[in-house]
Amino acid sequence: MKILPLKSKFEAIAVRGTPAPVVGAEAGAPVPLVNETPHATKGIDLDVTVSAERVVEAVKILDEANWMLEAITGVDWLAERQFEVVYDFTHVDSGERVTVRVRISRDKPELPTISHIYGGANWHERETHDFFGIIFLGHPQLIPLLLPEDARFHPLRKDFTA
Amino acid sequence: MSSDMIMELVRLILYLVGFLAFALLNAAYLTLVERKVPSWFQLRPGPIEVGPWGLLQPVADGIKLLGKQILTPQGADLIMFKLAPVMVVVPGVLCLVTIPFSEMIVPRNFNLGLLMIFAFGAFGVFAILLGGWASNNKYSSIAAARVVAQNIAYEIPMLLVVISLVFVTRTFNLHTIVEQQMGGFWHWNVLNLKASIMMPIAFLIYFICMLAETNRAPFDMVEAESELVAGAFTEYSGMGFGLFFVAEYLNIMVGCCVGTILFLGGWDCPFGLLPGLHWFLIKMYVLCFAVIWVRWSFPRTQFYGLLNLSWKILIPFALVNLLLTAFMLKLFH
Amino acid sequence: MITYFKEIFYGLYTLCVGMKITFLHWFRPNVTVHYPRQSLKMTPRYRGHIDLTCDEATGKPKCVVCMACQRACPSGCIKLDGAKAEGAPRKSLTSYTLDFTACSLCGLCVESCSFDAIHFSKEYNLASRKKEDYKMDLLKRVLEKK
Amino acid sequence: MSIDAQSVLNETFVLNLGPQHPATHGVLRIKLTMDGEYIVDAEPVIGYGHRMHEKMGENRSYAKFLPNTGRIDYVAALFNGHGYVGAVERLAGITVPERAEYIRVITSELNRVASHLLWLGAFLVDLGGFTPLLYCFDDREQILDLLESVTGARLTFCYYRFGGVCNDIDDDFVAGTRSFITRLRSRMPMYDAFVTKNIIFRKRVEGIGLISAETCRKYGATGPVIRGSGVSYDVRKVEPYSVYLKFNFDIPSFTECDCMARYKVRIEEMVQSMRIIEQALDSLPAGPIMAEKVPRTLKLAKGDCYYNVESARGSFGVRVVSDGSENAYRLKLRSPCFSNMSLFRECSAGMLLPDALALLGSFDLVIPDIDR
């Protein structure tokens, strides 16, 4: 079990941030920020929600514990005027998965980059920027990756129309 | 004008026409062989649509290439770009002038034949360098730079081997070299163990160097289609491209002819019977087949691997062979 | 020094082995099929474009115009229409068009059909210079075939 | 006029490798900054084959996305299907009948062998040897024939369904698979002698393109790339899905970290895949191939889940976010080639061009899988 030592560390940083709702939760309901979930039904072992300014800290914890970056992606919650940025990490020895979620405002979609910690985040962040227009502050090369270089649109935003 | 001179002139024209036709037909049909042989290796029929067994394929290819537009890239050095395909064919044809195909069929028999072939052989490299450089294409430029380094590296062991052979033959005259080897395969230079016990190895070195000199796989740095698109020929289209190919097969032919003459006894029958043109052609085509066979069996070498092979293996062996030959000649003759 | 020679001889040996392998393949039969002259028979499950199936007894298309295939198609390339004739128990087909330019040959339409009214044709060498040729009128096709 | 010697020495040029280059296997472009034949910087420019599968997943119902899965990584199409149906099944709580899971394993592993055979041929073409490609195709065609007889397609299989598979396998397929395994086993020594032992091939790949396990972790490189770096990470073992737990197989990994290690991993994986197929054929249970009561139009509960499969190129992950409607709210496809390719820039610096192309070939890239 590689997630056990991480849990308390995440809890320490998660409570310091502003709480954000989790997918599927009723509005206003209390949400645990560090959530152990069953792998068999979710595919995720630890579901962590942190605020945007704590994301680098959270990722550093995972980096120190030798977790592998799998993917970074976004979800557009149009009704809540929020973007959710999802970081997936897996451990090569145990196959456990930690998901770090960050909710940011849709009006000012900015959060710090983690590409200086995980080199692979460079492309994933560029891709997320392509699709959602989320700006990763401090990213060395935030230009379109999969979309044409002159693309000024973000196709995975729910209000995008071709 | 005396009748002798007229006779000489007629003879020259006949040979010229005859050999040009022979050389170009050979080059054309070697392209067919180059497509047929791998098809046999690769469990497929190869070209079979044009003519019986695809025999008219080279004609169709030629017509296709002639019909294509010749494109010149922007910024290319026009004169050199157009000149390079011509320059690459001419030495190949010129080399054939001095090759004795049999006792009687030899266009121009002169004393420095071997020297002349190597002189012109080096000329082809120059043409490829020009073509690659004049194309104003980065892939072509890289290929042009590679081909020079490669040919310098392989000229040395090749010439060292040939020099050791000249020690034995004591002549540059190709006709004489063949005549010295008459009377069965045990007289051929490749088995001339009295002169040097390393003669078979010398032949192997010659063969490898010939592959490299003619830019054939596994040393096809000049084309390297999976790295440099088409290398020095990337920008050539139509017959310009075709001429480079004609030159490649001409060079293979010349290389195999020289190998046959120097090591395999020319037109001599392996058992000392019935010498003649057919034996020369059989040996030459077997060598050509081996060249194609090697190409379709191996991956390409890396560039430094190729130079390592030359400087670390071929040149030491060729030098040892040279010393050994000199030593044995001094000892026994 | 010994490794130097060993490497050369071992390298030469592996090259000879490689040449032997290609040479031995020479004597094997060709595995290719010379396409325009010969062709392979498609397997029974081969997914070509779809065709209407006719009822053996009546000779009419089995389709009951339930629109399941049209709904199931991910590319929206099936368009069908039907009308109920006077006194007929069910709707019968009046048009069935397949826009083959958009079809991805996934076979979801055939799977969705509860009446076995469409099947895969075994045609695989469709080619044309005109886009209109791929707006296939399958009803016309099946009537012409008879 | 004097030329500054230092500026001549430092002179670099930009070489545009692709989008149409023989070694990039599709529409990949790499902007190389070269110093002679040495690579100073290699910036991959991707997206030429981008089709926005993720948006398509949001716009159509769950079942209608199935044909798309065959077109993400078309060389190993079944794995994408497996990842997608697995994610949806996980979120919908569908239990797949055992026979269907066995059929999925058999066809997936056949697809893995086919994919590795194609890679073997293509890798040798990258290195300039053409003949092995044809031998590999000869073997691969046998697999495609087998898969065609079951799925109806040779490349873009659309075979897996939510709750099972769409066609059952028959005795002909079982017999054909067994005879294919016998055939490929007898061909392996030929590949070994012809390719693996060949001195030219060995000089081209041994010690070339070193990738450390740490780099793999940072970039999320999986599959044969990370196993060639000495980490035996395989989703089938560490995060077992389907019925892989029932089979006995090894995860090959080599610590050399070079192209040869990745090559050997793939060769060994073909052997292990054949082992899995044999075991699955031996213990193939009878029964239904589809779960009962799977509605035609799925409506999943709100929530999200992640499902990971071991594709031929690495771990292929699917994240499905559902808002309770007929369509997925968000569908994330985590393709292995995307992560594998992203480390090319770091690893290729300072390499010679042909070596870098050997490194590129050893990633086993399928460009539409990167671009999605």
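Letters A, B, C and D mark the chains in the order given here, with residues in each chain numbered from 1 onward.
Note that a residue touches a chain if its C-beta (ideal position, glycine included) is under 8 Å from a C-beta of that chain, and two chains touch if they have at least 3 such contacts.
This one's a predicted model, so the numbers in the text were calculated from it and none came from an experiment.
Asks: Going chain by chain, each one touching the next, work out the least steps from chain A to chain C.
Replies: 2
Asks: Which chain's C-alpha centroid is most distant from that of chain B?
Replies: Farthest from chain B by mean C-alpha position: A.
Asks: Determine which two chains are connected by the greatest number of contacting C-beta pairs.
Replies: A-D
Asks: Taking each chain's centre as its mean C-alpha position, how far apart are chain C and chain D in Å?
Replies: Averaging C-alpha atoms per chain gives centres 25 Å apart.
Asks: Report the inter-chain centroid distance for chain B and chain D in whole angstrom, where each centroid is the mean of the CA atoms.
Replies: That gives a centre separation of 44 Å.
Asks: With centres defined as the mean C-alpha position, give me the chain B-chain C separation in Å.
Replies: Chain centres of chain B and chain C, defined by C-alpha means, are spaced 50 Å apart.
Asks: So which bits of chain C are touching at least two other chains?
Replies: 15, 18, 21-22, 25, 31
Asks: Of all residues in chain D, which are in touch with two or more distinct other chains?
Replies: Residues 131, 135, 138, 198, 200 of chain D each touch two or more of the other chains.
Asks: Can you tell me which residues of chain A touch two or more of the remaining chains?
Replies: none
Asks: Viewed as a graph of touching chains, is the assembly arranged as a line, ring, star, complete set, or other?
Replies: Basically it's none of the tidy shapes, so other.
Asks: According to the definition already given, which pairs of chains are in contact?
Replies: The set of touching chain pairs is A-D, B-C, B-D, C-D.
Asks: Please name which positions on chain C make contact with chain B in the complex.
Replies: The touching residues are 8, 15, 18-19, 21-23, 25-26, 28-32, 34.
Asks: Could you please specify the touching residues of chain C with respect to chain D in the complex?
Replies: Touching chain D from chain C are residues 10-12, 14-15, 17-18, 21-22, 25, 31, 43-47, 72-74, 104-108, 111-112, 120.
Asks: Please output the residues of chain D touching chain B within their complex, sorted ascending.
Replies: It comes out as residues 13, 15, 21-23, 37, 124-131, 134-135, 138, 198, 200-201, 203-204, 352-355, 357.
Asks: Please output the residues of chain A touching chain D within their complex, sorted ascending.
Replies: 23-24, 39, 41-44, 66-71, 73, 75-76, 86, 88, 90, 92-95, 97, 99, 118-120, 122-123, 127, 131, 144-148, 155-156
Asks: Across the complex, what residues on chain D touch chain A?
Replies: Residues of chain D touching chain A: 46-47, 50, 52, 54-55, 58, 87, 90, 93, 215-222, 226, 231, 233, 235, 237-239, 302-308, 315, 317, 319, 321, 329-330, 332, 334, 338-339, 342-343, 346, 371-372.
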